[in-house]
Amino acid sequence: MSASEEKKRPVRWHIAVFLAPAVLVYTAIMILPLFGTLQLSLFREVEQQQVFVGFDNFRILFGDPRWSESFWNALFNNTWFFIIHMLVQNPLGVLFAALLSSPKLRFSVFYRTAIFVPTILSFVIVGFVWKLILSPLWGITPDMLDAIGLKSLFAPWLGKPEYALTTLSLISVWQFIGIPMMLIYAALLSIPDEVLEAAECDGVTGMSQFWKIKLPLVLPSIGIISILTFVGNFNAFDLIYTAQGALAGPNYATDILGTFLYRTFFGFQLQIGDPNMGSTIASVMFLIILAGVSLYLFGIQTRLRRYQF
Amino acid sequence: MAKATHSLTRSFAAHAILAAYTVIALFPVVVIIINSFKSRKAIFRSPLSLPDRDSFSLIGYETVLAQGDFFLYFQNSLIVTVVSLFFVLLFGAMAAFALSEYRFRGNTLMGLYLALGIMIPIRLGTVAILKLMVASGLVNTLTALILVYTAQGLPLAIFILSEFMRQLSADLKDAGRIDGLSEYRIFLRLVLPLVRPAMATVAVFTMIPIWNDLWFPLILAPAEETKTITLGAQVFIGQFVTNWNAVLSALSLAILPVLVLYVIFSRQLIRGITAGAVK
Amino acid sequence: MKSTTLKGLLLASTLLCSVGLAYGQDAELIIESWRNDDLEIWQSKLIPAFEAKHPGIKVKFTPTAPTEYNAALNFKLEAGSAGDLITCRPFDASLALYEAGHLAPVTDLEGMKNFSDVAKSGWSTDDGSAQFCVPMASVIHGFIYNKDAFDELGLSVPQTEGELFAALDKIKEDGNYVPMAMGTNDQWEAATMGYQNIGPNYWKGEEGRLALIKGDQKLTDDVWVQPYETLAKWKDYLGDGFEAQTYPDSQNMFTLGRAAIYPAGSWEISGFNNLADFQMGAFPPPVRNAGDDCFISDHTDIAIGMNAKTANPEAAKAFLNWVGSEEFATLYANALPGFFSLSDHDVKMDDALAQEFVSWRGKCNSTIRSTYQILSRGTPNLENETWNASANVIRGTESPQDAAKRLQDGLSSWNDNHK
């Protein structure tokens, strides 16, 4: 935002050159197909023909109890899924990053590498292995709880409506905790030494140094992580799908927007996909995420900026 | 003296916490790998014990290797991931630079436009994407996957990179301009090295979903020659769903290469992420 | 440096894709299927047998996982990248493909002469005038049991429901075996091996099924609610933590000899033969009172049709005709015991367990799953809801009456015969 203001230049071709490849690929392969799909939400198939129905599909989604109950159930579950991530994944990520960033810690490379390992595993593997570990038949978890005398605590968590969603959220946290950890770790390392030295001269050390100096400085990173978590969680699908199937059992207790959308859009078993209602759900998801991102961009981020240098 | 003990307890606590979590992080992987070397009965009888002379069995691996060309699958995954990553980073950084560096009409709008993709799963565009690929004859090629993943990765890359680039000081770039460097050179020589940590972040975010994606390989490139490792492993699980020797071996084969690559490159990754920090 | 590597990689990817197109001399047929379990049998038995008879045609079997099959197939058909031969699900899923012009009619094929109307019903238009897939096999429901365990406990094969529950009680009392191997995590076993397995004895097979389609019976009628009441009693005989027990878990539980009875479909036979090291037997769903007529679910499950846009229609037709032949029927039924030929050919099967299943056709009345024809055309989808309801009922989280009422309300909301 500097040189460009000097004088009015006729055409700055380099801007176009910088933007062109990304815009082209992105528009052709992502935006056009996606909007081709989203506009289906305004249509309905009647006798193999797409008929324009305005916002009628949205009326059905929110007005017809058969649809709206599923939708609110999925939205509620999704919100819980997100809350668990915010309460468990991000604080733990900050804690691990803070521990790892202490300069004298030995084995930090090992810890860092190990904690990030689940993140590189595919959902296929994660879903499969956790189902095994938690399986009442296979006995890994029951046996381990038995060994510490807590066998009574064991329940078939993934099969119980009241625990399944929380269990899956925690599995998801297990898988992705490496990301906030890494980002916060990088942010902590990039705090200028002078700032920390100055703090130490003032006698601010240890825990209070973390709370008073470091944490405010990494708040922008925490902000980015929060919004990425939000977007990721409200687009989530794969883990539930691999662990519980498209019907998101038991009794839809683990149904989130992504699985609800998948079932509607692509169909499942005898249920034939309904691209129109599917697109309607997708449009609503899009608006939810847009609202969240806007809130971050215009509300939170501008406030966080004040702490920066 | 008191301070030393205090810091000793602190470091002990730090190790305890990190080590405990490391166990949790690695435990499932270890379970898969040790059991892949055991006979079926032993897997069920004592899932946590190491394979011994009685229970050791390679039958799972024999089944897997006789069935699918896992080396080829792995190679496909690697090509797709690396090439897509390269384009996402290059195109993403270029666009982010344009957005953060220059003030032009429609800048904000363009930024929003490029961020839209974060908010809708690209999976929804499947029909149109597949039609596009069929029309251009790219079905069952790795190129189709690379194009889709590049498009998919760009919005987040641009979002993160432009955030970082806005924080760069203008002095350096202005100095470059005074020295007569072209805008392209300023981007390549001055800006790119400075945003390396952000690039590493983007790389991590982009790479994982590409490597693990099941949907687009299934739709766009399900042929034997273009199968990715994730799809290969999934097909395999379906085929041998009760043959846990084979499933666990297939999973181990899907995990090990990534694990090895990750351990090799994790130093670079960290160095990349923290490059800005070391002054 | 980087750009040369890149070029190399791109080049490599182009080469890889041209390999796929290279052998165009022979007509190549690609089969789309959800039966990924059968990959090896197709590769080693069925395809070589066909290719030996038809030089110049090459066949490739490319299965997709069952859960993704319908969605993936629809997209590929839509975009024109689907294979030449399409494995057909019964009834509406395939009918929709035919109506959209994706499946070619096969009504006049030579091979179709070998099938009865009943066999063809799963792949016919509603008025029965046109067929769009060549029937391959049906599957029969029943119970597979561990013979060794039954001998050990001195149990005889139950004929009535009372005897079945008495046997289950005895197994439970003994404690060595889990009485019944089933879980509700994946939901579909509860509906398919539970409700649709025992139900026909209540709603009298075809009689009830057709009355339900016409709207003369409701899901809240006794004959449709009672199977749920019986299912609710299964809960006490399932393994610990059955709520989280998956389908493979149940299969493993039974084949490792830990459970005595497995509510089954005949498709399990070949897998179980490979895995179990004890004697197995099978019995049909027990009738409610001794002497009642028995009904079994003999479900038309799998067929194969032709992509309307195939580049090799002649080769594809040759293959479909072969599917209707006696050679295919015999090969298929013996390679996959438990998938019973739907053709009129007299097929000899070697597998004892498969013979046991198919023998029930002689003494019981056959029907197909109640939710498959017409009733799962709308939203909410009756089949999917039945999965959910059956699992809920077995778990005890929904009463049979509530579940039936919910299903009926859902059906009434869109089906004209139930308004």
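Descriptive notes on the structure:
Lettered A, B and C in written order, each chain numbered from 1.
Just so it is clear, contacts are C-beta pairs under 8 Å (C-beta built on N, C-alpha and C of every residue); 3 or more make two chains touch, one makes a residue touch a chain.
In this text, all values refer to a predicted model and were calculated from it rather than measured experimentally.
Chain centre most remote from that of chain B: C (centre = mean of CA atoms).
For the pairs B-C and A-B, the larger set of C-beta contacts lies at A-B.
With each centre defined as the average position of its C-alpha atoms, the distance from chain B to chain C rounds to 37 Å. Distance between chain centres (mean CA atoms), chain A to chain B: 15 Å. Among the residues of chain B, those touching two or more other chains are numbered 44, 126-127, 234.
Counting partner chains per residue, chain A shows two or more touched chains at residues 138. Residues of chain C in contact with at least two other chains: 252. Looking at the complex, you find that chain C touches chain B at residues 2, 6, 9-10, 12-14, 16-17, 19-20, 36-37, 39-40, 62-66, 68, 72, 75-76, 78-81, 247-248, 251-252, 255-256, 271, 275. The touching residues of chain B, when paired with chain C in their complex, are 41, 44, 67, 76, 79, 82-83, 86, 126-127, 130-131, 133-134, 138-143, 146, 218-219, 222-226, 234-235, 238-239, 241-242, 244.
Considering their complex, residues 48, 66, 131, 134-138, 154-161, 244-247, 249-252, 266-274, 277 of chain A touch chain C.
The touching residues of chain B, when paired with chain A in their complex, are 10-11, 14-15, 17-19, 21-22, 24-29, 31-32, 44, 47-48, 87, 90-92, 94-95, 97-99, 101-104, 110, 113-122, 124-129, 132, 147-148, 150-152, 154-156, 158, 160, 163, 167, 170, 173-174, 177, 182-184, 187, 197, 201, 204-205, 208, 211-212, 214, 230, 233-234, 237, 247, 251, 254-255, 258-259, 262-263, 266-267, 270, 273-274, 276-279.
Considering their complex, residues 1-5, 12, 14-15, 17-19, 21-23, 25-26, 28-34, 36-38, 92, 95-96, 99-100, 102, 104-107, 109-126, 128-130, 132-133, 138-140, 143-144, 174, 179, 182-183, 185-186, 189-193, 206, 224, 228, 231, 235, 237-238, 258, 261, 265, 275, 278-279, 282, 285-286, 289-290, 293, 308 of chain A touch chain B.
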